[in-house]
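Here is the structure we will look at.
Labels run A, B and C following the written order; every chain starts at residue 1.
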Amino acid sequence: MMEIAGEPFAQKFDLYTCMQCGKCTGGCTVSLKSPLNVRRMMRTALVSESSDAVLGLKELWDCTSCGTCTSRCPRSLDPAEVIFGMRSLLIEEGRGVPKTIMEALESTVKNGNPWGRSKMKRTEWLQDFEGEVKDLTGGATAELLAFIGCTPSYDPRVQDVARAFATVFNAAGVDYGILGNEESCCGSEMHAMGEEGLFEMLVEENIELFGGFEVKDMVTISPHCYNAFSNKYSEYADVNFGVKHYTQFLAELIDKDGLELSKELGKVVTYHDPCYLGKHNSIYDEPRKVIEAIPGVTFVEMERSRERSLCCEGGGGMMWNEGAEGERTAVVRVRDAAEQGAEIIAVACPFCMLTLEDAVKTAGYDDQIIVKDILELLAESL
Amino acid sequence: MEIVVCVKRVPDTSEADVVITGKDIKKDDLAFEINEWDNYAVEEAVQIKEKLGGNITVISVGDEEAKEVIRRGLAMGGDTGIRIDHPALAGSDSMAIAKTLAAAIKDIDYDLVLTGAQAGDLGAGIVPVALAEMLGVPHATLAVGLDIEDGKAKVKRELEGGLMEVLEMDLPAVVGVQTGINEPRYVSIMGIRKASKKEIKLLDISDLGLLPKDVGEEGSLTVIEELSVPPVTKVAEILEGDPAEAASKLAEIMKEKGVL
Amino acid sequence: MAEIFVLAEHREGELREITFEMLGAAKYLGKDMGATVTAVLLGHDVDTYAEKLGSYADTVLVVDDPKLDYFNAEIYQKVLSKLISDKNPVVTLIGHTAFGMDLAPALAVELGLPLATDCIGLEVDGGKLFVTRQIYSGKVNAKVSLKGDQYMVTIRSAAFPVEEGTLSGEIVKEAVAIEDVPYRKFIGYEEAPAGEVDITQADYIIGIGRAIGDPENIPMVEELAEALGGVLACSRPVVDKNWLPKDRQVGSSGKIVKPKLYLALGISGAFQHVAGMKDSGLIVAINKDPKAPIFNVADYGIVNDLFKIVPVLKEKITELKG
């Protein structure tokens, strides 16, 4: 029997409960262009003797972890986790792991981020920032920990989002601080890529790190970090801090009139639900509330939104893996936005930012649509 | 096949703002890893073992931290680890390290010793070829292909400009491995944890019949006198002028830098 | 008078550039040490080489033997150790090349000589030799001293300029008995496997970005690549549009390349792209936008339209390569 950490798959993921109804596969966007068949994967996990059965399944690496399958399962099983579990077998044996995924994992082991960048450059995004940001590792204290995340820390485009975060939170007078160069990967994508040992290690290290700074409340820029801290960490360790995604935090702040927005944006804006806020955590209203608080926004919904939203294909390790060939859903998404006459696609996730911005160019909408994180829109309208 | 693989733990300086302190650089902030070449060497050893059977010894000269790279080698498929450490080793040059490795390896009934072709930090590219001479066996370095058959090693050596030298030598032998010879497997954290159960023998230089004066600065024929930062120019130097001027400046630079 | 040995390197009918670079370095070293320069030539039927070397060295020491027709580290080592023991040169220079790396360390061990490898600078101070070599991937220069009064040094390619050959050195033939070498047998040379291009193995890469605009523009850059002896690679949009196959993509989700030269044409320098090429030797970027981030990783840049630069650049390169 195929096992994970000594426990048969069937038991760990309750696979005998699966009735092979296929609702998971029916909702899977990846299956439109990849042989990935979630229902069949559930069966493979149940009946296979060893990881050999998984080795040949290249499509195992196509899953973007959007979570649609899990949210549609009538038996409340978690097919996405089964896929991560199958990946973990290959990861543990070091077989059949796509090269780019290997490099992202190796970088995370070595540098604490999957981007191949030095740990010592984590606060690089602060270099061109005019305002003050407290660094808790320098002895400062704050009520709230701002967890910046790997992509906002290192990707030049998303660094703008990190700076917008600081601009907005400074303007609102929030008492927050960062962990400077000691911040490390949350592990969300490591888990999805199947590097369980690494995920466990990051959980242990982060819990210890947060404990050392007596972190009680945390806000994240990325929904992926948010999901890891709020849902996954507790499966591995005692979590004694609260965590919010920034859209949740700001929605509350706006309720309390804690954020003054004055400049008119004067644009038609749509919002792309990131899977890790939406499908995984049912956070649909807060981001919309924040966007609609911006003066001069004409908000339009895309045809497929909220629970029905389309994945950008940036999750599940796909930032480091090419995945299935064929049209990118991000391109479809850009067309969806164009259909509604949107001038701005607002996002709330670093991965969506990267995939959609790229898709705007690919789809040829460069002179019509721009992609902005909600934080950037807020910073502009302060 | 009894295979010995030499591995070195090196700092990653690719993005670091290197700070010189005396005769070395400040390393506290740097991430360390297995020397890239050695990763290929271990993979090669494991692939040979998978094909022909046998036993792999992973060996490193270095402090307590060097266990990390030995353990990684064991997780990839190595069987036993050896770590050699002694305060007198400080200041050893590549020859002194080769001497130390030779003293340890000569007591193993080996068929094949694999090393990296060079280490990414100091980059001397001395150890494999020097080691072979000290052990009195044939060698080939910069191997991009290796076949073991009938007690012989058939090696492809990478020469400049896409050419390869094909040669054959008797075993036992030492082969210095060039990157790209294979595709090293992923080493998972779980795999490393499991490998921590395998033994890593600790040897002192006296266990190897060496005296402190045989290694370290005293036992070395080359000595680092002084380090300096070469003048750095980042942010591209922009070549001005109309297209023809700019292009000819560029072509001249390419020639000067030896890429034409 | 003291002597400096320079080991001539040749392959497939040609003396290699490194030989002349070393002879240039040896000339200055000789002045500082009061030593003459001897080019040591091992080979078979190599009279024309010997003659050519005569213009760059005071003496050309030739060992001509059919067994020396091809480079074989073991045989070379035997012959050289005999020559060095007999003549006691104060310095022996060998190229830090695939040949030199396979030879020098064993030779130094056999002779008990101090060896410094991959050197980019040579200096004499108080009669003693100091070399400069780069460590930590070129981030630090190390000045290294060599003990004793007889040294062996390997020299990095292109670190020293070639001087004009104005000498008329004496050609001396030396016979060295070569017993059969039991260990190592040269079998032949082999070109790297042809067929599908493996950009990770290329020394020269031209990376094209979205700015290439149209597949019809690709032959133009292909010509430039040919002039350089390099291969075409690209950013992801170029693959997305099926202008080049997937195996040409450089970047976080493509291939990681470390060529000697990476020439980025109309590539903005997105993080995901840079991750795949930042460790290249020499990086040159051509981009219309002076603020394009690619200029932060490039060593040299031209701010201009790539379509204006590429044709003239190709001409200049062809010209300079002769």
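General observations
As a working rule, a residue touches a chain if its C-beta (ideal position, glycine included) is under 8 Å from a C-beta of that chain, and two chains touch if they have at least 3 such contacts.
Computed from a prediction, not measured in an experiment: that's the story for all the values here.
Taken together, the touching pairs cover every possible pairing of the chains.
Judged by contacting C-beta pairs, the busier of the interfaces A-B and B-C is B-C.
Centroids built from CA atoms put subunit C at 46 Å from subunit A. One simple way to say how far apart two chains are is to compare their mean CA positions; for subunit A and subunit B this gives 38 Å.
Annotation: 20 Å between the Cα-based centres of subunit B and subunit C. For subunit B, residues touching at least two other chains, in rising order: 14, 16.
Residue ranges on subunit B touching subunit A, taken from their complex, read 12, 14-17, 29, 31-33, 76, 183, 185-193. Subunit A contributes residues 100, 103-104, 115-116, 154-157, 319-322, 328, 354, 358, 361-362 to its touches with subunit C in the complex.
Across the interface of their complex, subunit B is touched by residues 91-95, 97, 99, 102, 105-106, 109-111, 117-121, 195-198, 200-201 of subunit A. Per the touch definition, subunit B reaches subunit C in the complex via residues 11, 13-14, 16, 18, 20, 25, 94-95, 98, 117, 120-130, 132-134, 137-142, 154, 156-170, 173, 180, 220-230, 233-239, 243-244, 246-248, 250-255, 257-260. On subunit C, the positions that touch subunit B within their shared complex are 11, 71-74, 96-99, 101-106, 108-110, 113-118, 130, 134-148, 157-158, 182-192, 200-201, 203-204, 228, 260-261, 278-279, 281-285, 290, 295-296, 298-305, 308-309, 312-313, 315-317, 319-321.
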